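Next come two complexes, and both contain chain A; in the first it sits with chain B, in the second with chain C.
== the complex of A and B ==
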């Protein structure tokens, strides 16, 4: 990694003093590669890149974490495809990605439009952005309280005459509730990003629209959407990446039911990976766990590449 | 945001009354939208405010009257959370892991980002891309290999190990953010300093770093927030109570409740301990954060 640092440097003998006199700042700077980039690169490679390749390697083995690793080819992947639990977890991750994703996008876009010329927009923006800085555990716990049988939700419904409120936290209702919570937590962040995009549109476009007699829908369709398209692309990529790692908000519901593991109906791909490797109940299956994680990485990669294809348009200069 | 060109107000065409800057259509729909926005704001503030207030009540009264207000500010829950439930240790662990790893992340990433932003070569472009690609990797991919690696060097259940992991994990985003930031700084000053005889390292240290203070502060605070809230790795890598960071302590607190009975008062106190520092940072540096997290990602 260090030997390539001097691609265009002159021969080693002449490098010391003559280069200093004749060499520009850029030439001298190039030599700082090792002290400047070295530490970051080393940490990144050792603690990030090597583990990625490690994961791919482990995923082709049967391994309980200690003891011998046995090569098993693509057995782990085959096992995953056949495992209904994994299919469900992946399905949940896809639900988060697409259903929650679309909800977030529609809402944030609508909110960005409303906020554009609304009095007090700065206050609104600061408040709705804040959940992004809060650990999702907090929202999980709050939702757990609001919807517990003695919680806030039922205390509102009772005076309204609802005697048999829904079992909010029942295993089958939990995941939809988590999805709604995700929308609540995340929309503000994407609204802030989209607002930056909508604000960039110069006002004379709207004046043109008014002159041409365009209605609200036409304005949206022909001015606002095309001009914020690239920001949408960025948001889509961001959401793809962050939705695949959703873990703690699911996990906290396992902590509160006593078993330590959330009900299988709510598992995401990340939870599946964690449970398969570290849940203590059964023999840890590191091979299958890493294989499921590698599939998540594959999913992200494919989707990001696709998104970039689909969202690519000619950049509109304005 | 609103232009100074005031449009003629015509009764005939209500949508124009608001001027050309108005995008979202006609009156009633818009008023509903504005109303909804304030409702959302209210719900957000009320939710967190409610949580903070309940932290001052005991569990029995919280369950009996969830809408009730505390009678006076008894800090019993906080004292209990702090001492009995050992949130003190967790807070201390979280604080120092977060601070150390964020400082080191920026200290390591800034020179690299500077070099990459100023060097125009295939190597620097390739390396920048190499760093950026890490942004797309979900944490669970490296979870197990990291566990195995740290286990083999006895850094499991160690805050030093967690620190190292956080630094490595933060490299893609921090290098990406700071590379963009250094690129936006003018090169003329550096050249002037170099003409005055400063060495390249001196240029970086004495000219660039002072100019880059803002960007580095943003990067630092973003890491602060990220590391303070990080849960999956902490849960995986920390096993003994005295090493727990706040998210792990919170999960284990919730777990214990299923045996020892619900202690919502204590739990809300714990939630306050994890949320309040973020609120403080947000109040302190709000704008910078929003810009770092949105514009920085938009490029």
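== the complex of A and C ==
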């Protein structure tokens, strides 16, 4: 029953009377904090935080997934840094993050602006959101139908006189194709979020712009961008986190519909991690795989923190 | 005040309740295994529901359940069953029986000594003989399915081999007079090409299939064990062996000769295999599962014929990968699981595997499907055997060292010399990170 003493110590009676009402609310909030946040926090700690520390621990070992673990210090990390395939995979992750990310944001923002005063915008919004609803696996299968040597693309090109069409699915072309597919899949999603931000700008700002004789660029620069900046920030963090996790589309795109390991040119850090632990064709290296995962997590954390810093602006209330 | 005390109590109780629920949920998964009686066991199968081999296994399970009055809790997991097994081995909820090919079973179970010695299964009487005697010893000359103490950790029930496949209805001459040497093989390819037929189909996006060419070529040059020796050389000097370069040159010869089907570098499996089954190419080098896998889309009147991969010298070993059962050490119903493993070697199920599932049963007296008659005859007459890629399974070696470089060779991006020097460098770097 010692708990009863705790709320008392910080109870509103000790504070000045005018703050009593607000203080009581704050006090109630404080008391509800534990029952409301506690379970979620507990689950989060048990299911996410503890495993992260577990992963860090495993990453300092040599371990085949079962059986004995042997301490290997930072050997796994040293191996990763020395492995050109890991560097290449990390490079691909960064390509997805920045190249695809910038393409998505430019397109989404442009679409959000165009759709703002377009007729039938609700229908258009649903249509451009649709690719995001389709499972990535579908694109993996579809790409075979379209780009196989006897596929749709070449069948269309043939009557047009193209006798030597590009080798669409050659290993070196797969990653660019994956990048294009990611843009196609994700643009609608961010357009929808950005449109919500753009829509919330009250019309009188635009009227003001019209009265002041501002052109479209000035309107964008001085009204739309500042007022949607916080939405941008959230989207950037969302994309950073989700781009680092991209996995299944690469697995299916280049891996003969999942029967083998995709070609190394298309690996991202996530695929590298998976192959190291679960390819099934060789003795699993859980230590090296967790090291790769921990390094990726570290990278994401740094990027998110940096991004938040760069994107930080005072939120404009309106 | 009373209400506040009540609320505080309520909140502590709630928090405690949630904590207890979470704790229960977390430990709950380990409880079920302990409750199992001795009269049932769990089997994680590499086969998926509906596959021909799965149907044969399901029949055997039904018979075994009836005869022994037990319940087999089977999960038709498909080919990733062993990848799922590895993390499960760290819990108390472990299946009693799993199956898979040696190449996947060894890394998942045997390398870490997590598989049980199957002495009991080998001693179980099947059709009047101990099960162990039904497994032809000559197949296991170069596949070590035993622990150092002599206990076998795997009970094979099937063989997987490979061959060069063709449509015997279209090319009856290959059935009567197949090419035996490399020279005859190249001559055949040239003849096919001259006749306007695409010589060889290949799905170049499957790294394992691509590597089968170089791998088999090395084994043809230097015999079983050569690829293992090559891959395990930490100094990389083994790559300087002229025989290795010669093996790579022969792959290059196929690529540069333009014998492969157009677009094999840029297609998705099984596009080229489908083309082959519809007479889009004459030959395809593939595993013994070819007739089962491509029967559904093969052209009307297609007749599966095959001949062994040509020889390049005196070595002529045949691929014989064994596929079978294993029991994890942690299994709670290991005895029953071993009994069933042996039971499946019964003639009835071995015959059904051969005739209905069109697989190669491990028992040499079992029925074989007509499509596999050539492969079976070759295996029976062979003097030596090897595994796919010679059983090389060092952590990450196949995926990160061999496949990326071999793909470049097979897809025509680099020459044989470049391949050998890249492999040498990559292998030296690989072994440095493994110490």
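Heads up, the rule we're going with is that the second predicted complex is superposed on the first by the 266 of 318 C-alpha atoms of A that agree within 3 Å, B and C clash if a C-alpha of one lies under 4 Å from a C-alpha of the other, contacts with A are read in each partner's own complex, and residues count from 1 in each chain.
Note that in this section contacts are C-beta pairs under 8 Å (C-beta built on N, C-alpha and C of every residue); 3 or more make two chains touch, one makes a residue touch a chain.
Computed from a prediction, not measured in an experiment: that's the story for all the values here.
In the superposition on chain A, contact is made by A:288 with chain C only, not with chain B.
After overlaying the two complexes on the shared chain, residue contacts for A:126 are found with chain B alone; chain C is out of touch. Applying the stated contact rule after C-alpha superposition, one finds that A:85 touches chain C and leaves chain B untouched. Look at A:35: by the touch rule set out above, it reaches both chain B and chain C.
When the shared chain is aligned, chain B and chain C each come close enough to touch A:278.
Legend: residue contacts after superposition of the two complexes on their common chain; A:192 is shown touching chain B, with no touch to chain C. Touch criterion met: A:149 reaches chain C, while chain B stays clear of it. Among chain B and chain C, the chain that touches a larger number of residues in chain A is B. By the document's definition of touching, neither partner reaches A:97: not chain B, not chain C. Of the two partner chains placed by superposition, A:182 touches none, neither chain B nor chain C. Annotation: chain A residues 4, 7, 31-32, 35, 39, 43, 46, 65, 150, 255-257, 260, 278 touch chain B in one complex and chain C in the other. Only residues 4-5, 7-12, 14-15, 18-19, 22, 26, 79-80, 82-83, 86-87, 89-90, 103-104, 107-108, 111-114, 203, 205-208, 262-263, 265-271, 275, 392-400, 403-404, 407, 411, 429, 432-435 of chain C touch chain A when the two sit together in their complex. Interface residues of chain A facing chain B in the complex, by the touch rule stated above, are 4-5, 7-8, 24-26, 28-33, 35-37, 39-41, 43-44, 46-52, 54-55, 58, 65, 110-111, 113-118, 120, 123-138, 141-142, 145, 150-152, 155, 188-189, 192-193, 196-199, 203, 206-207, 209-210, 215-217, 219-220, 224, 231, 234, 238, 241, 244-245, 247-248, 251-252, 255-258, 260, 269-270, 273-274, 277-278, 286, 289-290, 293-294, 296-297, 300-301, 304. In the complex of the two chains, the chain A residues touching chain C come out as 1, 3-4, 6-7, 31-32, 34-35, 38-39, 42-43, 46, 64-68, 75, 78-79, 82-83, 85, 143-144, 147-150, 167-171, 173, 254-257, 259-261, 263-264, 275-276, 278-285, 288.
Touching chain A in their complex are the following residues of chain B: 1-3, 5, 7, 15-16, 18, 20-26, 30, 33-34, 36-38, 40-41, 44-45, 47-48, 51, 63, 66-67, 108-109, 111-116, 118-119, 121-123, 127, 131, 134-149, 164-165, 167-169, 171-172, 175, 190-191, 194, 199-201, 203-204, 225, 228-229, 231-232, 235-236, 247, 250-252, 254-255, 257-259, 264, 267, 271, 274-275, 278-279, 281-282, 286, 289-290, 293-295, 297-298.
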